Amino acid sequence: MAAAPDAAEAAEEAGHRVKPPLTPKLVRWFDRRLGGARLARKTLDKVFPDHWSFLLGEVSLYCFVVLVLTGTYLALFFSPSQATVTYSGSYGPLRGVEMSEAYNSAIRLSFDVRAGLVMRQIHHWAALLFLAAIVAHLARIFFTGAFRRPRELNWMIGVTMLVLAMVNGFAGYSLLDDQLSGTGLRVANAIILSIPVVGTWVSSLAFGGPYPGPDMLQRLFVAHVLLIPALLGILIAVHLALVVRHKHTQFPGPGRREDNVYGQRFWPTYTAKAGGLFFLVAAVLAALGGLAQINAIWVSGPYRPADASSASQPDWYMGWADGGLRLMPPWEIRAFGFTVPNPFFPGVLLPSVVFGILYLWPFIEARFAHDDVEHHLLDRPRDHAVRTGIGVAAFTFIAIMLLAGSSDVIATTFGISVNAVIWILRTVLLVAPPIAGLVAARLCVEVRRGEGG
Amino acid sequence: MSEPTVGAAPPPEPKPSRRPPTTRLPAAAFLLSIIAALALAIVYWQGGQPQAEGILLSVALGGIGVGVIAWAHRFLPPGPDVEERPLTASSDEELERLDRELIGSEEEIGRRRVLVRLFGAALGALGLAALFPLRSLGPRPGRGLRTSPFTSGDHLVTEQGERVRPGDIAADGVITVFPEHKVSDADASTLLIHLRPGQNRPRPGRDDWSVDQLVAYSKICTHAGCPVGLYQAQRGLLLCPCHQSTFEVADGCRPVFGPAARSLPQLPLDTDDGGYLIAGGPFSGPVGPAFWDQLR
Amino acid sequence: MTGRLRPGAVGFGALVALAAVAFAISYAHAQDAGGGARARDPALVERGRVLFQTGCTSCHGVEGQGTDQGPSLVGVGAAAADFQLRTGRMPLAVSGKQAVRKPPAYDDAQIDALVAYVASLGPGPAVPDVDVGQADVVTGGQLYRANCAACHNAAGTGGALSYGHNAPSLLQATPVEVVEAMRTGPGQMPVFGPDAISDEEAADIARYVTGELQHPDDRGGFPLGATGPVPEGFVAWIVGIVVVGGALRWIVRGHHV
């Protein structure tokens, strides 16, 4: 940069001894061993467009980093064993109670390991925010059409990461073997059992036998700590590599074209802002981890298959599936001695359809919009009323199912009969998404008309 | 493809004059971070306290974040910069060169059809063999799913293992019981409910399944397996907390609301010579959530 | 004088013996279902009857035998009346809806009188004597999670039941109210009799409720209503949108040029 020689001259003039710049020495030390000075310069010069919504993916990435760091710490204390032990730690109301070693190690971590509770809470809040950031990022990609050619592969990688993150979150809080998460595992087993033909086999192989199975926690642990994070790590790397390859999309505007990128150079400004964002995200998670209690497992108690508590829900990102189970009318198919159980429809069929459409969306839209050219300029949501309408309808659908997952909490909070809540939401689920979609599409058209577009 | 060029974009319009940027905010942020980190170390050394740990860690991290970003805002080049973006797809020439490299392989595959098929079969067979370790993950799904946790003559016991007499449960009362030697079995929990006289309307063939107004039903919801723990005594309803399946106890625990599609299985009750409650036979149907061949 | 008991001493001893026997008999009677020694105080019962005539007969009948507006109170016992009156559930504000806790309509003396009257209508559970000081919080917690959490929630914040009913929050209950509710099964609540849950175990549960649940160990921070993943999800989204969203805008727009 131009500043260095001036500073050196000024210092010389002032009579100070001028230190030779360190940069050339460092650069040559690495170049002699790695080469690639040209590649390095090209990388530093890469331009990234500047819009707040382009940082959502980064927020989820930083949540993942926090999850790995805090998760590693937790894994040093947690024991995924179902062996029965008697609690003898410092939390009085549980002393002498029989529980699994897994639950015992989680209680010990929360009460007897210094900063253990904060680490656990940061980890859990990071998981909730991780999923929220992914969903927000997905929404941004969808509504701006950033999934269009050439980015369809990256979209599919992203959807895969969403599924993996959901599964890993569920596995993570189920490891603790507390009453709340144990109830959730029972429901998960019932959903697996409901798969026609092979359901009982998948359940027996996954759980190691009839529920709960002797190896349930051990396997969840391996999945949660090793298999899924490794997969996520690889997919994140590929995801980012593709972004570098395609270069980031940008909104239309003065000076911006399909064949350029208008924004800020990677080094130093973008790096500083991105790095700073990591620290800010980590700061938010640390504040939540210390100030907002989450998953107080000492209140829910150790898992007993014969007990359950009211207000039993999964974490929010699974709430829509639970809502589906609650809203589903009591239909079951029974024929020739075979059964397609009720949980199959909201628990297996519906998510398969939802994620199937999600995966294929870039190709579905390309086909129906007759548009498969390369796009690097984004749509503003109002520029594509059909896509925006469909997206709003889909999000409304999921949001209502998410609401249904809290049906009993809604009932208690607002003093409404839980039966009424379910009937109302069943109706709203069918009626609201198409209305919301049509209204959104209409709004797009109106706004564009107002702009003279 | 030409090297992407980075050039300065047309300069933005001059903004109204501001004070020149100072290092005050970033310096203060970093300083705050240092203090918070030191305080955090002290808190930890003194025994720790979750709220203090969280806040101090947050300030330590946030101070660095704010400082770095404020530094960038004030002193680093704001751009905007421009970079060329070539088309993703390669030129026709390059594509043809690649085609020529690969097309030979495609022709080879075409010529060696037998080999290709054998190769494919070999990979497939290996894949199949590799699946076999998965088979060891669990037993064949079988007896466990269909066997009633109670057999005729089994004593009903509490979670503590104590046998139960009919008089132990007050009118409008409910307790959870288990078969005597299977208290820890996940599907064994059973509700023992004391109905009011005249309340019970037994299903055909189940007139003698109750003892002294007591009826017993499986506690495992037939929807997704949660324990149906909420007994509304006045209305005679059992409510499952997970998805709000509701069962009418007096009518053989028939589902009246929610997603459950099958009644809770009923356990016939009897008493032994000592007056303790025993099972008069197995459950009236399979316990727990349904699966493909449950009814076969 | 040695060797012979004074007449006064004999008389005094006989009096003491008589008093002891009388006390023992009345104590034994006080433990029966009649509602205790106070129930036998005719003046108290009469005072209760008068209060009953003015405030309760429209729904419960002139002699507490019940009408279609309200159930019979014959045999519900002192515990039921005491529970309903002390928590203010009775008198019912709106007939047909679930009775809720509200400030009691009667003062302590009036409640004692009404309780004595209701107890005199027929034998039923007495007002329990609950000593949480000696109770075991560990057993209480285990019993609570096994029997009570399903309706009242693991944290005691209450839960939804069918058709507009709910299991209320336990965060304001006294130990006596907890045990009274268990023994009398108010509203939709089932009855947990002394042969299912002993008096000791009931006291353990009362200790757990009034101790751990009403004064929870919230060392993790704000408990967010102690209702689990639903409020936690809300907080994640709100913090995400407000705090993180705000940070993102600042990062992108905050340049000093």
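Brief remarks follow.
Order of writing sets the chain letters: A, B and C. Residues in each chain are counted from 1.
The rule is simple: a contact is a pair of C-beta atoms (placed from the backbone, for glycine too) under 8 Å apart; a residue touches a chain by one contact, two chains touch by 3 or more.
Every value quoted in this text rests on a predicted model; they were computed, and no experiment measured them.
Ranked by number of C-beta pairs in contact, the top chain pair is A-B. Ranked by separation of Cα centres from chain C, the top chain is A. Overall, the chain located most centrally, as judged by its C-alpha mean against the mean of all protein C-alpha atoms, is B. Each chain gets one centre point, the mean of its Cα atoms, and the points for chain A and chain B are 15 Å apart.
Here the CA centre of chain B is 36 Å from the CA centre of chain C. Taking each chain's centre as the average of its CA atoms, chain A and chain C sit 45 Å apart. In chain C, the residues touching two or more other chains are 146, 149-151, 159-163, 167, 219-221, 251.
Multi-chain contact residues of chain A (touching two or more other chains) are listed as 50, 117, 121, 273, 276-277, 280, 284, 288, 290-291, 306-312, 407-408, 418-419. Multi-chain contact residues of chain B (touching two or more other chains) are listed as 50-51, 54, 69, 78, 159, 176, 227, 229-230, 241, 244, 246, 257. Looking at the complex, you find that chain C touches chain A at residues 137-138, 141-142, 145-146, 149-155, 157-164, 166-167, 208, 212, 216-224, 226-230, 232-237, 239-240, 243-245, 247-249, 251-253. On the chain A side of its complex with chain B, the touching residues are 42, 45-47, 50, 114-115, 117-118, 121-122, 150, 183, 186-187, 189-191, 193-201, 203-213, 245-247, 255, 258-265, 268-269, 272-273, 275-280, 282-284, 286-291, 305-312, 322, 325-326, 328-332, 334, 337-343, 374, 376, 407-408, 418-419, 422. Those residues of chain B lying in contact with chain C across their complex are 12, 15, 18, 21, 50-51, 54, 69-70, 73-74, 78, 159, 165, 167-176, 194, 227, 229-235, 237, 239, 241, 244, 246, 257. Contact residues on chain B toward chain A in their complex (touch as defined above): 3-4, 6, 9-10, 44, 47-48, 50-55, 57-62, 64-69, 71-72, 76-89, 134-135, 137-141, 144-145, 159, 176, 178, 186-189, 219, 223-227, 229-230, 241-246, 255, 257-262, 288-296. By the touch rule above, chain C contacts chain B in their complex via residues 146-147, 149-151, 159-163, 165, 167, 185, 187-193, 195-196, 219-221, 250-251, 254-257.
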